[in-house]
């Protein structure tokens, strides 16, 4: 079986061999469903080791599920969620957050995917005014959809501001591993320790077959979330197969190795295309994505050789994502093709 | 790693080796996400071969997701869904159907999990009356939650009646394979060919790691369902891993072998306990579940040896489910323990 | 302008002259919208006088609105609401409770519209089990849709049971005035004092043009309900016109006079038809509704003279409602016609 | 009873005497509920006379209800609604559109409350892409929340563009009467004839006690809207009292007289404050609202004498609304106070 290699998304990658092995290792005998099994128990212990003993974690199928459940846990339907206009919850979930939580989304325009206290302030009014969807959650993405990264100080500043107004801070960490290794810090330092109340912790884009974890800063925030998970259709019956994957990811620093490699490949790609005439990088390459403007007529032929997505049709901007299984050879081949087409 | 074997649910079983192998076989290289890969393409072709060329199929994570999406595809929020009071959508999905589709559920009391035209009629009034949630979908479960099975004639009778009133027939086929082998018919004969408009086709309980398929009788019914799937948080990014499992299930009659075995084990179990003093079977054993009343004080000690669920606390009724990986040894050991505890 | 008089519903009646006068009296000058006006302030004080100083009240447009907001105030979407199968929320609101609150409704079969602790118990299980919509509210209707009335002891028994399990008791009091006068007690005695947590207090069926009040037993239950009211589209901008009506209703015992009259007219009607051959009363006449089985072929011709609704087509059962403006003459004329048609 | 007069909102005004009289005139005898009465029938005929014989109209309680029902009639939950960031549906309905329709709102930044084809284009992409909430409705407000007015050409241009993409055009006409008189055209010319598919036709702000009408360009668009109205809690039982008000509004050009007066008063107010030092008008005064920046320290004392709302705290911008019952004396008194405070 052969697939075209490319830079479409980190979810076009395969499952990491260690994750596959972990799955195979639990594939014998019976296990209580829905999380009552010993693998899940062990893995949840690993999450407490990683994120702190006060945290509570639930596993779900995917990122949209994680985000939608997190919002429901933090907000009522008459609340509003502030986020970057580029946020996954705002543009890539087909309106799932609005439909399932009932909440209004309040988007902040941003050039680099990052929001600031200044941007949030625009929406911090109308508290107590019943005509106004009441702001209750601010959601940031780490690393952002544009491959940029919030520094720990930036997160803390947002968290302090958000908390001072009685709001919660949610982090969409579909690529939190890429952010942590870039910041050379731990997973908990760039999330819970920086003031995040609920984290959507991504697994799929970092080598799992499927699976995201929702990490709550404390048990109170997670109080009724098991019902929300079930009602949101995100409860896996054969949970051991989700848990085993996360166990592998948090063991032997696999999350770190995968993320380091993906980031390094993006850096390499950026470095190799930076000098090329006709290619203009549009974002700092801080994690595992490279954004560039290239001649419009090149896009389609190039996609036929290496699949990737157009980010902004209008600007002729494309997105190249790397992953744990991107090879230097992939990059060399791609750059060579790019160069030859640019001639 | 050791798990207690038992009869709790067919989702306590492991993943069938052929399914694991199929997963491993697609685990190399890149594949377009969200179903744009070649494995998905091939598997969808297999579904057309199985259910007819006019049908359309989508893959989702789990049964609750499949049911909730099916209802949304067939009904508006002001519609109502008629089902057995024992239906999974009515008692086991934490209200997901109501919340996500907005529809009212109209439960029919039933002793054996099966509904009839007579029972449906109770709710067939108030059409055009705006105070009344308008009935639009009838949902039946095959095999039922009580292990019983609708004959093809029974399904057709319901389908004809339902269609004569302009309603749709949905089948929750979480265990359709067990029903088909019991009826000695094909999957399509006990569903689409019998008049079912939309089928939730179960994979997880028949040997998959996760995954259900939603089969629409025709393309028109499925017209906008891809948006519904995404908005309902049920779209898998690394779809090749879902598709590969279904491909395995529909290849080499794996679905049939698994179901035949599970059913045979239930029959064996029923046969072995039938004569025992203090054990009273409460349902015909037509698929892979055995329902029995046993002395109340026996339940807990027995659960410690072989995990299973209490079905009706009040009646001291328990449920024993078998699966593709239940062994004759399991049953012998269980029956021996049961007998010894009954002394 | 002439309308056919009849017994269709107490909402076919006109607006009581004192209510019209109260409306006219506030119709001058400007008033702050959405409830910030002095009439609303005064009326809310009257509600505290009537229902107790700890209670909190909000005005809404109609009964469906009141019920749906009450449920949202008491329950999350993963909760369930237990009610009689005949309850207005279950059969007459086109699924609004399910759609807007997301909650599952759990109907109890009943012959006379009243539920009992015994009936509620059927659903009191599965607490903490995430697959199960968690029961959180029991809703009773006073007077019931069948014209029957809960005694204070019956309400208290239900309230005690409900509270002992951590659930809330909601009362749909669309006809609470009719119940209170029948019980010869105050409005608060048959609701809050009997253990009701939230009351939908009906105005429209007792002489208002529109308007229902939601009375919360304490401020904590009402904490965020102003947002829920607004988001549920039930906030009246020119609120003074709603409040003025309620002020009239609670002044000079208007609520009581109207209800006493309506009940007396129902009693009179019942008394006059009781002896008639071919007419069989099906419910005790305790408030302002008379339920009777009459020959099927009589229904349509009789409706042409005096409009009323068929309650149960199958049984040939009809419903005759009286209201504050029903006259003895109405009843005499109706009974005469009925008798002449029965010959 | 005395109220402070002011410029807070056109819904702080009272009910027009002719409307009160119309209400009184239907207040006798019985009438079939929920719209089956003769007053409703007559009034619906008036709507057909006004908006065209192909149109269909439903009455509801308020503007939020009208808008939310209109969106549900036009869109599925996976659709998106494009509107001005200042739109009532976006900022003044506590998230009701998102919660009840499930749709995502896509706001366009605007200085004067009006959106353009250029602005809409920003969101016209991603059709067929399941990750993207599918744009299906564009909603414009006439007159806008900033008192400005779309010309007929501007509406037509938007309508043509919207329809060319298969989308619908919704008009929030809470103040459509003010727009029509300003444009010196009929109600239908500035709505249905200009390409509007569904109109929320406002009554409350133009002299009614309560009541909005939803006008559908054709019967097909309104096909199932009666269920949506009921399920959205917006069906009035004693409908004759809603209909009578609309009948009065559409009779003897009452809608026009009221709107002409309100607009004239706004023009007068604008003219009188324009020259004043310290007062800066921020919008063209095209209908019945005046927007101005005034010294911040003046706002509160001025509000004590004449109630009005702050529009933009940050800019010290206030909003003064006039209505059918604003008098020249009101304006003179207000301007005098303003001037004296500015000294």
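Just so it is clear, A, B, C and D label the chains in written order, and each chain counts residues from 1 on its own.
Just so it is clear, contacts are C-beta pairs under 8 Å (C-beta built on N, C-alpha and C of every residue); 3 or more make two chains touch, one makes a residue touch a chain.
This structure is a prediction, so every number in the text was calculated from the model and none was measured.
The set of chains in contact with subunit A as well as subunit C comprises B, D.
Looking at C-D alongside B-D, one finds more C-beta pairs in contact between the chains of C-D. Each chain gets a centre from the mean of its Cα atoms; for subunit A and subunit D, those two points are 41 Å apart. If you average the Cα atoms of subunit C and of subunit D, the two centres end up 33 Å apart.
For this pair, subunit B with subunit D, the centres built from the Cα atoms lie 50 Å apart.
Residues of subunit A in contact with at least two other chains: 77-78, 93-95, 99, 102, 130-131, 133-134, 227, 230-231, 235. Across the complex, subunit A is touched by residues 77-80, 91-95, 98-99, 102-105, 107, 125, 130-134, 313 of subunit D. Across the complex, subunit C meets subunit A through its residues 34, 76-78, 102, 130-131, 133-134, 224, 226-231, 235.
Listed in rising order, the residues of subunit A touching subunit B in the complex are 1-6, 8-9, 11-15, 20, 23-33, 37-39, 61-62, 64-65, 68, 93-96, 99-100, 204, 209-210, 227, 230-238, 241, 307, 325.
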